[in-house]
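Next come the structures, one after another.
Look for chain A in each of the two complexes below; its partner is chain B in the first and chain C in the second.
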Partner chain A sequence: MLLAFSFFAFLLPEFQGVDQARATLYARSEEAVPDQETLDAISEELGLDDPLLQRYGRYLGDVVTGDFGDSTISRTPVAPQVWRATVVSGTIVGLAIGLAVAIASVLGVVAAANENRWPDRVITAFSRVLVAVPIHVLTPLLVYVVALRLGLVPTSGWGTAKHLVLPVTALAIGPIALFSQVVRSEMLDTLEQPYIRTALAKGLRRRRVVWLHATRVSLVGVLTLGSLFVAGLLGGAVIAEVILGIPGLGRLLHDAVKASDVPMFQAGLLVAVTVGILVGLLSDALSRLLSPPERER
Partner chain B sequence: MQRSIMRLLALLAALALLAAACGGSEGDDAASDASDSASEAASESASSSSSSSESSSAEEDDHSDDEEHDDEDGHDHDDEEKDHEHDDEDEHEDEEHRDEDEHSDDEGAATAAADSGEPSILRVGLQFGPDSGLAIESDDASVLVKAGVVEGLVRSAASGQPVPALAESWERIDDITWEFVLRSGVTFHDGSAFDAGAVETALAYITNVASPPRSLGGLALSTEIVDDLTVRVITSDPDPILPLRLSSRSMGILAPAAYDSTPPDAWGTGPFAITDFTPADSLTVERFDAYWGDVAQLDGAVFRFLPDAGSRAAAIRADEIDVADGIALADLDAVGEDPDIELIRFSLPRTASLYANTAEGSLADPAVRQAVSLAIDQVALADGLLEGQFAPAFGYFGTENAWAPQSDPDPADAIEQAAALVEQIDPDDRSIQLWTYGSRPELADIATVAQAQLQAVGFDVSLEVGEYGPLEERTFNNEHDLFLLSRGYYFDMADAAAVFTSDFTCEGGYNLNRYCNEAFDAIVAEMSGAITPEDRQALFGQAAQLLADEYVGVPLVHDRARYAARTDVQGLVIDPFELTLLTSQVSLG
Partner chain C sequence: MRCHDCSARRSVSDEGPDLMRAWLVDRWLALVPVTVVVTFLVWWWFTHDPNAIDLGNRFARPSFDTPLGTDELGRDLLTRIIAGAFITIGAATIALIATAIIGTLLGTLAAWRGGSAGTALMLATDSIVAVPEIVVALIAVSILGTNLTALMVAVIAAGWLPFARLSFEIVGRLMASDYVVAAQMTGVGPGRLITYTLLPNAARPLIAHAFLRFPGKLLLLSGLSFLGLGPQPPTAEWGAMLARGVDELERHPWVPLMPGLAIVVTGYAAASVGRRIEQPIIQRPTN
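Up next is the complex of A and B:
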């Protein structure tokens, strides 16, 4: 899968019909006048004169030895920049998903345990509203209220615990709304399962059954969903990262695509995909631990 | 369900009231905080900080320290509804936050100022950060010059004329040779001495690098060292404006050892030296005590790269930065109403124009281009659509150039004349494609209004908003009718020859109008032999007039720079070419 993604990333500028030499010149000097001599020199510098497959083979060979190459724009090694951006985005996304799973689990269980009563209705109504608010609306709203009016945290930037508050909140709110509905639905299904009914029939208290047994099973669904969100948010948090001035992976990928910085884009995409696969495997393992039916199967 | 909706609405209303209450209390506090001292600080800053509206802002002599700016007129100090966003209490809280906050030490220092003995650090929010590894030949040089890190042999005065910097004087020896006498006692940030050898290394790099800077314009430079402090620069072709060319950002001189790295390390000679750089995040500089001129008043500065306009506006309102560039039209009111913030606005050498396909299609006919030109109302675009934040363009070059058209050439009955001309055009030729791109947000709006203005006189206009790259390629393939784009005309130096050559000559590398006229090319050819400013300006005027007479495209509006600075920033100088920002004279009051 990684190989397929790397090839896709490599071919992307070709698909777009982008002249890489010209795009590189413009990225280095906006509105430069592209004379042929300059374009030829850039093509030579980037090795663009070689056939596509030869370039891809050379790239793969380097990657296998741990060399992700240099950015075509800054001519500096890609790996440390992608690593730094991944740590930034990984921190934000990890906290956001963790927060979302924790809050959504509580909300989902409370909603299910109070089906069709007022707590359920309030949680469901909020979820439906918040899941519909796009992040490019939510983030500036949070900046205005939490940072500018209340002055609780900085409006933008990166480097301290306070800088985490806005991006983590902005990224967590959508998943909280979605996950809480998933947990609620799973919980209602689980409560109908024979082994739960058996547990209740054996005289176990309903509160204990709900919070200890059913919740554990219901978390399986939200963990799977959360693992899918991690990969998406890791590279896709570009809007929050741009608005909040955060040097994360989403912004790095966005800038790399804009400037046709192929090595940077490839490395960023490979990291996002790799993390996505690893998180998926971890979530599978956790699901097996949490779910008695899965273990029995 | 109805009950739950009611509960939800009640909760939302409670949240809104909470936010309003917080805002209201700030406003109330601020009202009582409108002290005399704050007013004095604001007025003092208004007289000393950089502010130029409309006109060029500095009067120059040949020394970098003697620049004065006119007062800024765009900020209404009499507005009764000024909203103090930050009262004393807020500032006190902010300082407490900074104490707790390791990263904010620098930020806190800015407002703490010298009284407390803490370092004075200017905090700047920039729209565009360096993305080429601080390479001197790239646009990153803009940040290096703004940060006071790099200097060239020559610098450009606000008038656009070359004045001494690292070179004390120069003289043209012959058509291709210029002799520069260098300043003595100059030290690079790596501790090495500035001399003729350093100039030789720097110019050799800039000439031979794969993507040379725009300002070289295809010219090759070589050097001949006369003695330690005298160097001759030899150009591959006669160049009457070499000193001006050497004043561009990318012609900064770095320490010879800097060129051992790729891209070169940014070890310049400026009043500030780089201590930290994180791409897509920030650049930190500190005072360079061995600077050859006046040593900086500030201890240092932090440049944060905030691509989102709303973020920059929010950051300066929250006192997280002291200076911000690129304030969006949507944020102007909120930022301008803050009494602790001053707006700095001035015309930029940039024009949004309709580039017409003069080679193929209906616009190859000058009568069709004339009808288009008459139908477009630049004043309505600038003053109506763009709320006066752009200036109407009567030519590709702005009215700050005495040789450029100074008033609207369209007659009073331009619309009627345009409609009459369209009546005479073959109906098939009335269908026009209008292209633009989305990366400059104002362009799509301008295109929509231009489309309406053209349709009002009888053209059938289809609008396409796409990506710049593919549209440019299609334009070079003569597939366009009208391509609306924004283009800087003095990117690197205040001389029009470069843009006349690249954009309008038959062989021009950026000839989007696909215009080719031997008479025009002859005028441009004469520019390479014109030495005095008067001779050059006479030729520029002729070239501009010919383009207007032949309706080669339709210039629409000139952009304006919109900076914001907190009023405690003193001595800030932002020239009309946006070259300078952080200088030795900047301080925090």
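Up next is the complex of A and C:
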């Protein structure tokens, strides 16, 4: 799968109609007045006239050894920039997932334990509204309230712990809304089970039973939905990073598309897709391990 | 528990039909203000130009002449929101329908052929599920450029997988059912089998799924447009309007607020409809 995608990424410039010889020339020298001779020389050097498969083989070799080429805009190697951006995005997305799972589990359990009473009503209503609030509406709102009005954190940028607050909150709210509903319905299912009734009949306190099972339910839930969450968060990270001026992978991709910086875009895509696929496989495997009915299938 | 009891009691008693009638009258009465509002909006839309610039009237507060205020070029926000509704909701709807058709066809074909085609599809869906839609859409935009058509193609390219997966599962189950086996044994051809037997039976869960997916399409579309990867100015697309308005958040909050609200309200409404349709089917979305 990854191989297929790397071939696609390699072919991207062909689809985009970018002349790689021209782009490379521009990447190397300021005076970008290309004459045919120089272009031919560069084509020769890059081997652009070789058969497609041979070029793909070379590209793949480069990528595996960590050479993603030079950016056609900043004229510097792509790999370290992509790596830095990935770390930044990874930090934000990781924190957001942690925060979302923690808060959503508590909210979901509280809602389920108080089914159809006011805590449940409030939590459900809030989460339904919040699910419909997209990140590009939410983030400016947060900037306005938290950064401009309250002045608690800087409006944009990266580097200190305070810079983490806005992106992590913006990214976490959507999953909190969604996941608390999942935990709620899973909890309700669980509370109907015979073994819960047995436990209650044996005289265990209801509160204790609820929280014991809540842990397992929310763990299984987050793992089965894990790949979806990561996909949603990475997607949201693109928009949040652009608005908040955070040098992450999402903004890197966005900038590369806008500037038609092909090597940068190729590298960013490969990283994003690889991460996506790995997370998908991992969460699949883990959820199979953790939940008995899945294992039997 | 209490709720089950009271609903049961209510349906047994004689006041059932009366309540029903009262409920219907309520609903029809609600149509009166809705009609008035819609008529007003249509009239407003016909008498105003969404791109008319009035530099003397920049950043006007919401008032009688400009009910939602004006933006940085003095353009009337109400007119632009209405024009944007056609663009944003229209594009999202068309993209959603195309996604549903493409995904369903692929899923149905894979399930009908079975074997390696099915395995390939499931492999593809399993591994791409965790790749953000927006990244897929970025690829499409990078190839096709920034305009409304490219944006719609991007949204379609990013969204067919869930439909393929769902239809694959449903049709796969149908293929094993007695009446499909019977149909095949009586010599019904593949084209007839798919159009008359498989698709009608798979339609309902797929349609419910489509409604549930609509907010996602709306958000993806307006999100990409927000990033400047969609239709270019002066197109009155909600996401693009929001992006331009965000700069004015501090001094003229209504400029970003109006398109933002439009996106949220539309998304919420579509999600509510989706929940309503989904309820009787008791089936959770597969991914």
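One rule holds in what follows: the second predicted complex is superposed on the first by the 213 of 297 C-alpha atoms of A that agree within 3 Å, B and C clash if a C-alpha of one lies under 4 Å from a C-alpha of the other, contacts with A are read in each partner's own complex, and residues count from 1 in each chain.
What we mean here is this: contacts are C-beta pairs under 8 Å (C-beta built on N, C-alpha and C of every residue); 3 or more make two chains touch, one makes a residue touch a chain.
These numbers were taken from a predicted model, which means no experiment stands behind them.
By the touch criterion stated above, A:94 is placed in contact with neither chain B nor chain C.
In the superposition on chain A, A:231 makes contact with chain C only, while chain B stays out of contact range.
More residues of chain A lie in contact with B than with the other chain of the pair chain B and chain C. Once chain A of one complex is fitted onto chain A of the other, the partner contacts of A:129 extend to both chain B and chain C.
With both structures placed on the common chain, the touch criterion links A:137 to chain C but leaves chain B unconnected.
In the superposition on chain A, A:148 makes contact with both chain B and chain C. Within the superposed three-chain model, A:77 lies out of touch with both chain B and chain C [touch as defined at top]. Of the two partner chains, chain B and chain C are each touched by A:242.
In the superposition on chain A, A:118 makes contact with chain B only, while chain C stays out of contact range.
For the contact definition in use here, the residues of chain A common to its chain B contact set and its chain C contact set are 129, 140, 143-144, 148, 242-243. Across the complex, chain C meets chain A through its residues 2-3, 123-124, 126-135, 138-139, 141-143, 215, 219-220, 222-223, 226-229, 239, 242-243, 246, 249-250, 253, 256, 260, 263-265, 267-268, 271-272, 287.
Those residues of chain A that touch chain B in the complex are listed here as 17-19, 22-35, 37-38, 41-42, 44-45, 71, 73-76, 81, 84-85, 118, 121-122, 124-126, 129, 140, 143-145, 147-151, 154-160, 162-163, 242-245, 247, 251-252, 255, 259. Looking at the complex, you find that chain A touches chain C at residues 1, 12, 15-16, 116, 128-129, 131-137, 140-141, 143-144, 148, 227-228, 230-232, 234-235, 238-239, 242-243, 253-254, 257-258, 260, 265, 269, 272-273, 275-281, 283-284. On the chain B side of its complex with chain A, the touching residues are 1, 3-5, 7-8, 11, 19, 22-23, 26, 85, 90, 93-94, 97, 101-104, 131-133, 135, 137-139, 210-214, 217-218, 262-263, 278-281, 304-308, 310-311, 314-315, 317-318, 320, 469-470, 473, 487-488, 491, 502, 508-510.
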